[in-house]
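After this come two complexes, each holding subunit A, first together with subunit B and then together with subunit C.
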Partner chain A sequence: MIRERVFQNFRVREKREPLIGTLGHLSIFACSLGIIIFSPGERIAISSALCLLVTLWLHPASIRRVLRMRLLLLLGSLILVNGLWVGAADIQIGEIPFSSLGLQSGVQMALRAVVILMAVEGFSSSVDISEIAGLLERLGLSGLGFSIGIAVNLLSSLRETSANVWRSLYMRGGFRQQRWRAMQLFMVTFMANALRRGEEITLAAEARAYAPERTRALPLKKGCLDGWILAGGFIVLFAFFLIL
Partner chain B sequence: MIRVRNLSVRYGSVEALRGVNLDVERGECVLITGPSGCGKSTLVRALTGLIPHAIPVSWEGEVEVANFNVRDHSIPETAQRIGVVFQNPSSQLFHLRVEDEIAFGPRNLGLSADEVESRLDWALASVGISDLRERRPTDLSGGQKQRVAIAAALAMRPQVLVLDEPTASLDVPGTKQVIATLHELRQQLGLTIVLIEHRLAAAAHLADRVVVMEAGRIVAEGCMESVFQDWQALKALGLRRLLDEPQAPWRELLAPDGHSTPGLEPLLEMQGVSAGYNRRAVVEGINLTLYPGEFVALVGENGAGKSTLALVAAGLLKPKRGRVRYDGGRRPRPGLDISVLFQDPSEQLFTDSVDEEIAFGPRNYRCFDTRIHNSTLVETDMLDLRSRPPTALSVGQQQRTALGACLSLRPKLLILDEPTLGQDWGHLERLMDHLANLNRQGTTILLITHDYKLVYRYARRVILMKDGQIALDGRLVRSPNNRIKELQ
Partner chain C sequence: MKFTTRQLVTLAIFGTLWGVVEISLGSLLHAINLPMSGMFLAAVGLAIALLGRLFVPRRGATLFIGVIAMTLKLFSIGSVVIGPMIGILSEALVAELVLSLFKRPTRLALLLAGSLGVLWTLVQPFVTNPLLFGRSIFLVWLDILDRGAQLFSLDPNAWIWIVVGLAALHLLVGAGAGWLAWNTGRLLRVRMVASGTVPLET
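And now, the complex of A and B:
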């Protein structure tokens, strides 16, 4: 048969593996969080410097998340509030009395917040939602990737449907008279269309043999250094908790 | 390859298929056509095993695909022999990346990761969309979405591909992409194709044989030439001649005519209008004037900004820049001055009966008049169906009910946003003839469509939109290659 031959002769393209895959990014993210959350106050400077260096090296764009004026103001006020109200005032900056303990605690909190924000930004920019769903599917949430995909695609289509239903109703006077009745009609029409769309999706999925208990989990991106990063992450965490 | 014997399918009391017999040879491409509600989509569902496994109906007869009785096997087993592409791309693409979409079927079969990867690469290459691999399906054009849907079906490695009106919502370039892809697949893979279509011209050169259905039966079958010989019979079924649909871009079919003002006060004026969604301008710098009694067609490719322009004209979307002036500066009353008939009738029908649906607007405005109400029912040919629930009607009847709901308020400007989706020519012709009648009585009509024949037959002025701007304001001329003869 022609098509069998065509399929057999088809050569799968050779793919270059990226340096860091889903597991690698997850290890870096988890390691950063572990270090910064459990690091004692006196080690926070060195641990946050390490985390920030790694994050900036891997995801330089994540610094943009921190450099927003609103966030900088929030972090500044966190340090200020702690310096003013936490602990006894023992130093003066200008005419204002501050607590060195409070300031220290404020800086520690701000540093932890910056590291967590940058780690989240770095992780979310390098691992897409399908891979996260794939991870969670492997943890027993089968069908999650399919559900997320439907939710994302269906939401935009339902928003469009609700807009069209409202526009049609508006073209007939909207909620001018019989407000409660018009509201009911709007809701019923919207729900009926949502169910119809859901049924269409179900049929399309069934036609492609979908069954949550049988389907394979979404794939994770493999990286050449994933194993090394995972091992390195364990060693660093171990070092922080036990040796330091 | 496909053998259907005495197939009858019944949804409750409605008989959708009546004793259908159909044979399709290996490698053949069969085009199935017929008026709306004739049972084409039911046949697709029966071929793919969705009927009776996913849709419980009363069924008699036999369906065999590649010597495999679909009734005796589960959908996953059938899915490996027959792939299906549905009409609406957005209802069959539900992943965040094209590659996950295409790999969805093979993963459902429990294949190994390497096998899934190999099928994915093959399906992408076969349809020529390897470059779209990492894109989000929602970001693609209509034609690209349908090609992704075809690749997703191919990844199951079926022997038969069934497509249920895959070009219904596409413009000419999108339709050409899909048809060219199917052509390639036939030549390279020898795939057996069953294509359901209303737009015959697009699919004509692809099909070896055409099957015409009516009221659940096959009424004509044979090669294109022999079936289209009996044109009067096909016309009675609401089918079009192939000549009615030139597959050329609008730019080649239009000519500017220095559109002159008919010496009337404008009904609607747009000056320097820009509008869009979420800070993104969809239409920009629009200058457009509509006069009372005009019948204007607004044409252009998918995404050109036609619907956005219609929403701005109807006062449903506020322009970001520019001015929209209605009837000398008066604020238009929604429905009474400007009304819009949207594409999907199911989003426009709210009540429990046709009667109530048509009376809803006038009652809401406290201007209900029994004489106008009855005349609207007659005009839309819904008098006999007035007590029926709109959800129990055919798509054509639903669209006429929605139109009746618009017309019951006697708007001065009626905007129709692609009223042609899934409708055969017979239904459309009746609906449009009625609108032409209203237009002669003074109602201004703005028709958004991809349908060449509608434009040729009804519009006296054509506006072409491209990339959010008006590219041409003129009239339709015959196509330069003389493919179009005098239309009826």
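And now, the complex of A and C:
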């Protein structure tokens, strides 16, 4: 009786499969890139509207990256520069002559940039770094998951080591004279420390009986709609190619 | 592409170093809008990757380092990442192809791989700009001529000299990266043998 109840509780707490998994997110990303890259200029508005709608629906937070002032200025200047210098001036906005062809080309370039940025942002925010490693491992780069795991953990340690080496050299007046030599010493000391740390990691991994040839690729997150999204992506891409 | 545990760790170290350079220095150079920052970044990154190849002299090692650096860049906080990501991967691929022509990584192989890898940064806009942003190749060409003319203080009409100058500059900087990698590798080996740590696969 008790066992049954425990089992029932366990089943209630069982995690539900997410709607979109790694493959689904990858399909959406690849489909967005495919559509926007191969769309001709006259259809870019429809293509980008479709891609932006899908990205906004799935990753609403990705719009934040595009709404940054620096990027908006960059996109604005892209349109302006094209309008001013590409093609013959045929319209006038205020006192300044613009080329409608240039403006059109600038808007197309800006739209492409926005779609790509949002697609990358949406993909990187929804997929874990280990899932990317898992995907690449399945493409033939075996052991990549292990290496990326080490790389992520090494980031802070390497930063600390570089700061320590730099400070040690600086405190001993290393950069006062012979700066090139000091830089070389900095690099060698830093690399030697990093490789020694690598040796420790190798020993630790081998002590835990890690062997790349016996390791399975990192698992990918599965979603219930992955198959449908993949099929839909193919159909949309195919339809776009047919229309174009 | 099968590596041992030790090789995977070594590749992870060099991949992280390239990734750190791309994340920190790349973002800084991008923010201050320094001319030829792509060439400079490629040279530093390739020097690290080539140094990694000295420690893991196996086919695919340079590409593996590039993939790690690219993945780290993808998850970094910055502005536009797709261009640098393609750049990292293609530079690593070019270096890998050149190094694959040699049995072992020699000084000449490193110089060639560095030169051609850095030269790719000059060619890359002709591939990525039309594909990703729909920019015409002619505009990319004009942009490069303009930058070259400013850099060498030449008339933009002297396009042959600008192109030759830019290519020579890229090749020279790339060769410098290869040379730096070779020399640092030798120094490191001496240092590690002296300190009693056996260098990895040298």
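In the analysis below, the second predicted complex is superposed on the first by the 195 of 244 C-alpha atoms of A that agree within 3 Å, B and C clash if a C-alpha of one lies under 4 Å from a C-alpha of the other, contacts with A are read in each partner's own complex, and residues count from 1 in each chain.
As a working rule, a contact is a pair of C-beta atoms (placed from the backbone, for glycine too) under 8 Å apart; a residue touches a chain by one contact, two chains touch by 3 or more.
The shown structure was predicted, so the numbers you read here are calculated from the model rather than taken from an experiment.
Once the two complexes are overlaid on the shared chain, A:Phe146 sits against subunit B and subunit C alike. Of the two partner chains, subunit B is the only one touched by A:Arg167; subunit C is not. Contacts of A:Ser156 after superposition on the shared chain: subunit B is touched, whereas subunit C is not. By the touch criterion defined above, A:Ile46 lies against neither subunit B nor subunit C after alignment on the C-alpha atoms of chain A.
Contacts of A:Arg196 after superposition on the shared chain: both subunit B and subunit C are touched.
In the superposition on chain A, contact of A:Glu206 is made with both subunit B and subunit C. Within the superposed three-chain model, A:Met183 lies out of touch with both subunit B and subunit C [touch as defined at top]. Contacts of subunit A with subunit B, set against its contacts with subunit C after fitting on chain A, overlap at residues 129, 146, 148, 150, 152, 154, 188, 192, 196-197, 201-202, 205-206, 210-211. In the complex of the two chains, the subunit A residues touching subunit C come out as 37, 41, 44, 68, 70-71, 86, 105, 108-109, 112-113, 116-117, 120, 124, 129, 132-133, 136, 140-144, 146-148, 150-152, 154-155, 158-159, 184, 187-188, 191-192, 194-199, 201-202, 205-206, 210-213.
For subunit B in complex with subunit A, the residues that touch the partner chain are 27, 45, 48, 50, 53-55, 75-76, 79-80, 83-84, 86, 88, 90-97, 100, 103-105, 107-111, 113, 116-118, 121-122, 125, 137-138, 152-153, 156-157, 159, 188-191, 311, 314, 316, 334-335, 339-340, 342, 344, 346-351, 360-361, 363-366, 391, 402, 405-406, 409.
In the complex of the two chains, the subunit A residues touching subunit B come out as 1-3, 6-7, 10, 12-13, 128-130, 145-146, 148-150, 152-154, 156-157, 161, 164-165, 167-174, 176-178, 182, 185-186, 188-189, 192-193, 196-197, 200-211, 214-216, 218-219.
Within the complex formed with subunit A, the subunit C residues making contact are 1-6, 8-13, 15-17, 19-20, 51, 55, 64, 67-68, 71-72, 74-75, 79-82, 131-135, 139, 183-184, 187-188, 191-192, 195, 197, 199-200.
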